[in-house]
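This report refers to the structure that appears directly beneath it.
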Amino acid sequence: MGIFTKEIQNISEKSTEQLHDQMFDFAAVDDAKAEETAYSNYSYWRSTFRSFSKNKIAVFLLVFVIVLIAFTFVQPYLPDQKSPTQIYLNPDTGMQDRNVAPNDEYIFGTNSIGQDLWSRIWEGTRTSLFIGFAVAIIEVLIGFTVGALWGYSRKLEAPITQLYNIVDNIPTTIVLILMAYILRPGVSTIIIAMCITGWVEMARFLRNQIVILRDREYNLASKTLGTPGYKIILKNLLPYLISVIMLRMSLAVPAAIGAEVFLTYIGLGLPVSEPSLGNLINEGRVLMMSPDLRYQLIFPSIVLSVITIAFYIIGNAFADAADPKNHV
Amino acid sequence: ACGDSSDSGETSEYRTVYSGEIKTLNYLKTAETNEFALSANLVEGLIEYDQYGVVKPGLAESWESNEDATVWTFKLRDDVKWVDHEGKDVENVVAQDFVDGLNYVLDAKNESSTAWIATVVKNGDAFYNGEVTDFSQVGIKAIDETTLEYTLEAPTPYFLSMLNYVCFFPVNGEFLAEKGDAFGTTRENILYNGAYILDKFEPQNERVLVKNDAYWDKETVKIDRIRYKYNKEAATVAPELFLRDEIDGALIPTSILDEWLNSDDKKDLVRQNTNNFYTYFYALNFDPQYDAEYEPENWKVAVNNKDFRKSLYHALDRVSAMLTIEPYNPQDLLSNTITPKNFVDVEGVDYTMLEPLKAITETDSFNKDLALEHKEAALAALAGKATFPVKVLLPYNSGSPEWANRSQVVEQQLENLLGADYIDVELYAGPATGFLGEVRRPGKFSMIEANWGPDFADPSTYTDPFTEGGTYNKPEMAEGYNSEYNKLVEAAKAEVDPAVRYELFAKAEAFLIEEAFVIPYAVGGGGYTASKLNPFESQYSPFGVTSEKFKGQSILEKPMSNEEFKSAKEAWEKERAEALANTSN
Amino acid sequence: MEQEKILSIENLVIKFKLRGQTLTAIRDISLDLYKGESLAIVGESGSGKSVLVKSIMGLLDKNGYIADGQIHFDGHDLSKFKTEADWLKVRGKKIAMVTQDPMTSLNPLKTIGKQIEESVVLHQGLKGNDAYEKTLQLLRDVGIHDVARRYKQYPHEFSGGMRQRIVIAIAVACNPQILICDEPTTALDVTIQAQILQLLTNLQEKYLLSTIYITHDLGVVAKVADRIAVMYAGDIIEVGQTEEVFFDAKHPYTWALISSLPQLGNKGEELYSIKGTPPNLFKEIKGDAFAPRNQYALKIDFVERPPFFKVTDTHYARTWLLDPKAPKVEPPEVLQAFFAEGRQYAND
Amino acid sequence: MLKYIAKRFAQSILTLFIIITIVFSLLRLMPDEGYLGAAAEKMSPEQQEIYLTNLGLRDPLLVQLKNFYVDLIQGDLGKSITYRTDVPVLDIIQDKMMYSILFGLGAVALSLLVGVPLGILMAQFKGRWLDRLGTGYIVIVVAVPAMVYFLMIQMYISEWFNLPMLFDEYNPRSFILPLICLALGPIASYAMWMRRYMVDELNKDYIKLARAKGVTERTIMFRHVMRNAFIPMAQYLPATILFTITGSIYIESLFSIPGMGGLLVDAIQRQDNNVVQGLVLVFSSLGIIGLILGDLLMAIVDPRIKLGKGDSVR
Amino acid sequence: MTKNSKEKLIEVKNIDIVFGQGKKQFKAVDDVSFDIYKGETFGLVGESGSGKTTIGRAIMRINPITNGEILFHGKPINGRITSAWDHEITQKIQMIFQDPGASLNERAKVDYIVSEGLINNKRYGNEQERIDKVKKALLEVGLLPEFASRFPHEFSGGQRQRIGIARALVMEPEFIVADEPISALDVSIRAQVLNLLSSLQEHRELTYLFIAHDLSIVRFITDRTAVIYKGKIVELGETEKLFNNPLHPYTKALLSAVPEPNPLKERRKKLQVYDPTVHQYEMDPPEFAEIEEGHFVLANQEEQAQYRAVLAGSGV
């Protein structure tokens, strides 16, 4: 027992020489103190926030996106801003200032009829973000409601599953195009068209989450306490889903913007008089081949890409942060 | 690919991409330009045009009509063959084939889209509506194998030009009966008598035309093979394909024109396109039927004031609007009249140069000073009757970005010039399909950009839309209109002598424009192209299908440059005037 | 009796990095394992039992590291091993492990036969039919019938107890010198637990294994262990022969642990219970980690970490109560009765 | 098993019936003008009425539906109206299907060949540069508008490698670019999912046991994790293949591929009800077959699953 | 604790519980009957999957019963009942769950968790009253009232289980089903919870159904015990009698398998394995027979005689 003996000798000497006798008195016992737990002041949201704030890139992007959104609103009121729909005339020729490359006056240049791309892009970003957020929120609302009924109510399970199979198997393109034809072109049409198919995925996703959660014992506990079903869903399930819902939402925003681009491509987007990233990109698309004009495609594409990447990273960072496993 | 056509050893081939697919080879059914373009090369009718627009014999060797132009008799060639898709001889083309063709077209259950033209024939409309069921009562008769006789509903001096339409094309009745509904669905399911045979027909992929060896006029066919590759993005992709010498013709969208014109390698490759005979105009609506939100009643008051109309007429800067389609030579497409130039003529004098239309043709409607003058007058006259600014509902088809852009230009241009206190133009994005039915026909506009294409070689084809019952802007409801225009048109129609007839029509049209019921704007076509074809070699006709024929065209060594194009055009215009003057003698 | 040491841990410190904070899971532990013995490590949840054995196999989670100390085994210092190649010399080959949860420890998509055979091939150098035969033999050894059919079945076709047997077979197939069983029976029913424990004891004798059991069930310890190490908050606070710890425990935590057994309680009376909660390992622990919950705590317990005091040659305890200066403290009464009863048994 | 399949098919037919009926009814909401095409302007209202009546569009909806189903039962999907007049819908779809299947399978094969190994490597080198590179790729594919980079590929890559810009069935080299474009997205998603499942799988207990028995990391990756991680993908695989078959509309347009994606858009834009209905039938059947195949495939690769027990809803 | 009265609080009468339908049917509980007297602790032991939880949940009305009936205060609680009675049962019968981690909603504050039942039943006059009730309940289980504003996550296992108990207590129940309330707890804190349960029983005159598989605990805490095997009760009796004189072979096997914290004893102990084929039930089917007063065994005639002989031999 070599090791032990050595150690014992070392410390025993110390103890006899250096320690006072009073040290060997009994210490007072404090029961209440013993009940105090090791962790205190834990709050889910605070920890989530703290966890999130550790991800510097995500925080940066979040700030960036907020600033971006704020900017799209503020931009028109800044001094020296041009109107997004006004067609500018060349003071010398009196003709439209077409395809002017970016310069001091037109920060992002002008398009083929002499509208200021800088203001169009911000207006477009605002419209597209609005569409994105609206779609995301509506999808979540419907998706959660249906998903909750689907996952929680055993009676509704079969009919909703059938409904899901139906809606999921109607090709999305068909619904999108039909909707766009049947309704008037416009922001609300686009939002409706996208939500009509979009909620399905969300509902299925949330339903799967709810199925995982619904059989947890604490729900049983609530049931034995006589808690009604809707309250169990709202109080016991929803809080657990918030983080995935937020993640989904943050991904749904760029997805909706992307879908808008697609719809515009097949000719069902917003009218050009209403700038959006979709029609800016679609207008710019044909200009790819001409290096001088490519800026008209590049600026909106960059804005779209940056928004998508930002939401993607923020969403994931948030999902990580919202996972209590990652809380210290 | 583009070998010299005169070299007999090499085959000459023309390759291109296209984005609009045809839906059928059944020429008796279709009404779409790109389908005409194909049919014209596969099947032929009675007459053709030469490159200056003079009628010349096609399958008919000769013809004559009675005095009031109601009975027309044609003598057919006897050497024309129907061949199948492999070029095998099937049968001769005979007079009965034309009867069978018309019978098919006028049978409503065949859903022919061109039947409405064929109703010019006696009892045609009655047969279509089912009032007459016996086709022998319809005015067409095969006297013998090579003699064909048409009897018309009314005097129709321009009947020959109508024969350029697919609805008057022949069909082999036996073959048609055999194929039934399948007629025209595949290249095997039609018979050819034209310059080309379809060698390959895969919709949304590729189609290939090869020269028909049994064609009666095969010497004039110089291109051996025509290859169409489908590409939905042709507008984007074609220029690049052209540069790589993978195709011989490509439209160059204006968006990249700068780039081409500024580049030394490319600037000689591109030229303007010829115009077509679609006419574009802004129509002012006298029967507004839209939501109260846009104040239709107020508009109605305003539009009934001539000064108000005139102020709009003179205020519209058509050049600036045209820049959205044609930024380089916008004035080339402008049209001051409804009937385009070079449509018809009287002894070499173009219709648009007839009095009193001449004055209109020669002055640009855009005139700031006049516009403001009329504005003042209108303000004075309408004070207390209408509220200013007058709301002007200007819809556009959301399926067309160019139209949308143009509408924005027009909106701002008008408001800037006339002042926002005078008019308030409101844009409205109409649906992409059903625009006509949803917006224009029900009158849900104050002012609208509209177009119209000709159906035969007579000015009446352009006056029809504005007569009573027309679906454009109901000028008959204008105050003080008194059927003036209608009367003029009726009178013109009753006249058979072209000189008198055309003058009457010119008067009517001048009235329409002078009253500013419409604002003539432009003609269709134009744009830019890089192509190894010479546009002045092809048959010229402002309507019908023969202008789509490749027959007579050859492939150039290198594409025409714009300078070459311009000089060739000048030369052609001169030659045409001569040719027309000659024929009328 | 002087036995041959097979594994020797010296002053081991293991830390984990967790989101910018450091957690000390093992605080300066020294422990020997002798050839052929079975050592039980007991202690409450989170006291560091699993971390300790994982460090022996080089299976610490990625964020954990050995901050100090050595692990001597087979002429190597395992704490210095860095590469996978190093570990493969020991892992499986010489030290094998039976994991806690039989339900999740097997690859659901491979037949159990293949999973055992993988070990056989790797560590016994057998191939083809030999390996197959050996696998069947192992299956029989762990008490599975109808082995040829069972060989081809998938884990989900086995009950929990049987799966645990497979896991044991896999460990035994490695032909190890040391077998580590991390809570091998917590997931099982009492009746099956008894059978598995019996099986393990038999295998240990048959293959002459040195075994480390991790458990918090004192009953299990009593059945299988020769020696016991009691852990609290990352530290070993008492170590000794099984009887010594059971019937002559010295550390107040060991006392508390035994006293709270229901077997020691009298119906209708309060059971002895340990107050409070274990310490936060993120914080530095001063003195005796158990002190805040210890009714016999001395002032010094909050200041200075107690050394190991020797009780017998084989029995040591880390408590200041054993210091000569400390007041004499007797274990709680219930415990004294228990000790007495136990000793009586020893005398039987 | 057979019973299970039969049951699933029976359910699917009901589902298909409802889908078709919904789409059928929706299609009748489209404006009449679409059926007339260019002729709309020149036809008089009476002529239009006759035309539409002949198409059967003036019958009550229920009669139209009944006619449709009667034909369908006889295996007749009807004839195209405005897309390719009078051509049987079945023929049209058949022509396109060949190309779609060719490209669909090709693209899926390519994406599997590239995406799955990429995902595996990313999982293996989690957090290292390869993982980051892969993530970067995924993010870019998702973020940058596809229209932009497809066009760039078509214009520039074709030039650099001297590849044809357009698809030509007789030129094998012309398959390369469209296939690459089609595969870019699936590669990203396969890589992403594979990585995710691999990482999940690597955290499971049985991996710990495998490590404890001295299995090398390589063997763990290849013998244990890869297959297990692939299983959740297996379920979706048929569905994704079928999805690819339905084609990417934009790629088809760009490269002149005569596939079904473009057909769908064209048919709807031209309001060719019969073609749209035919396509819906095909697409929905493909989708449903994909689901069934996915479940069957799962049952084959995963010994734990016995079909027929808890008939899974994905 | 002795039963001071013989009043039956819960009567379980010949219940069957069947899961699934058609061919996949599975009978988890097979003709089980027992009574629980007011104020006692009734133990239910058996191997995993034997149906203990199912019975407990049937009393909680989570699992519907297929046959038989369950009475509370002599009135049936299953099937069609009035909503007033339903409310009363919900309040009077409470449950303590096995896993304190899983049975507390991690995203709700202790305050909400504890008062959830109160809110549902509106068992308070005003907000202050509710807060007071929560505080009282927390104090009663030995937790500090300020814990109300925290989340379950912040507590140790023992504390969490006490929160679970507090949640049941605020409802002022008469009867509590405790399904393995300490199995998931660490050894060192099991005692806390056991002590708490015992003291609450004394102060509040509670009756427990105590489900466990750890026999040492069952022996410590229960008055009477039923041993269940594959959905059937095989032996039932006063705990001490049962442990001292197990009659049914399964009970014996179970007892022998429980490891004791005594190495010397353990090493000598012989493991008994229960082999269900020892019974010859084809000709002579078993019945639930009372072998001595209050001690029932599932046995056929032959076995009954045998068991009686054993009891007589042991001199009781």
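Read from first to last, the chains carry the letters A, B, C, D and E; within each, the first residue is number 1.
Keep this in mind: a contact is a pair of C-beta atoms (placed from the backbone, for glycine too) under 8 Å apart; a residue touches a chain by one contact, two chains touch by 3 or more.
All values derive from a computational prediction rather than experimental measurement.
Colleague: Could you run down the chains that neighbour chain A and chain C together?
Modeller: Correct list: D, E.
Colleague: Show me the overlap between the contact partners of chain A and those of chain B.
Modeller: The shared contacts of chain A and chain B, listed by label, come to D.
Colleague: As a test of understanding: of all chains, whose mean C-alpha position lies farthest from that of chain C?
Modeller: B
Colleague: Select, from A-D and C-D, the pair of chains that is joined by more C-beta pairs in contact.
Modeller: A-D
Colleague: Using mean Cα positions as chain centres, tell me which chain lies farthest from chain A.
Modeller: B
Colleague: If you average the CA atoms of chain C and of chain D, how many Å lie between those two points?
Modeller: The answer is 54 Å.
Colleague: From the mean C-alpha coordinate of chain B to that of chain C, what's the distance rounded to whole Å?
Modeller: 93
Colleague: How many angstrom lie between the centres of chain A and chain E, each centre taken as the mean Cα position?
Modeller: From the centre of chain A to the centre of chain E is 47 Å.
Colleague: On a C-alpha centroid basis, what's the spacing between chain B and chain D, in Å?
Modeller: 41
Colleague: Which parts of chain D, given as residue numbers and ranges, touch two or more other chains?
Modeller: 30-31, 151, 155, 269, in rising order.
Colleague: Which residues of chain A are in contact with two or more other chains?
Modeller: Correct list: 35, 37-39, 181, 267, 285, 288-289.
Colleague: Chain E: which residues touch two or more other chains?
Modeller: If we look for residues of chain E contacting two or more partner chains, we find 156, 159.
Colleague: According to the definition already given, which pairs of chains are in contact?
Modeller: Every touching chain pair, ordered by label, is A-B, A-C, A-D, A-E, B-D, C-D, C-E.
Colleague: Note which residues of chain A are touching chain E in the complex, please.
Modeller: 32, 35-40, 42-44, 216-218, 220-228, 231, 235-236, 239-240, 324
Colleague: Under the touch definition given earlier, write down the residues of chain A that touch chain B in their complex.
Modeller: Listed in rising order, the residues of chain A that touch chain B are 85-87, 95-96, 98-99, 112-113, 115, 181, 184-186, 267-268, 271-274, 279, 283, 285-293.
Colleague: With touch defined as at the start, can you tell me which chain D residues reach chain C in the complex?
Modeller: Residues in contact with chain C: 204-206, 208-217, 223-224, 227-228, 231, 301-304.
Colleague: Could you pull out which chain E residues touch chain A in their complex?
Modeller: Going through chain E, the ones touching chain A are 60, 62, 87, 90-91, 94-95, 97-99, 102-108, 112, 116-117, 120-121, 142-144, 150-151, 153-156, 159, 164, 167, 171.
Colleague: What part of chain A is in contact with chain C in the complex they form?
Modeller: Those residues of chain A that touch chain C are 1, 3-5, 7-8, 10-12, 15-16, 19, 21-27, 29, 31, 33-35, 37-39, 51, 54, 326, 328.
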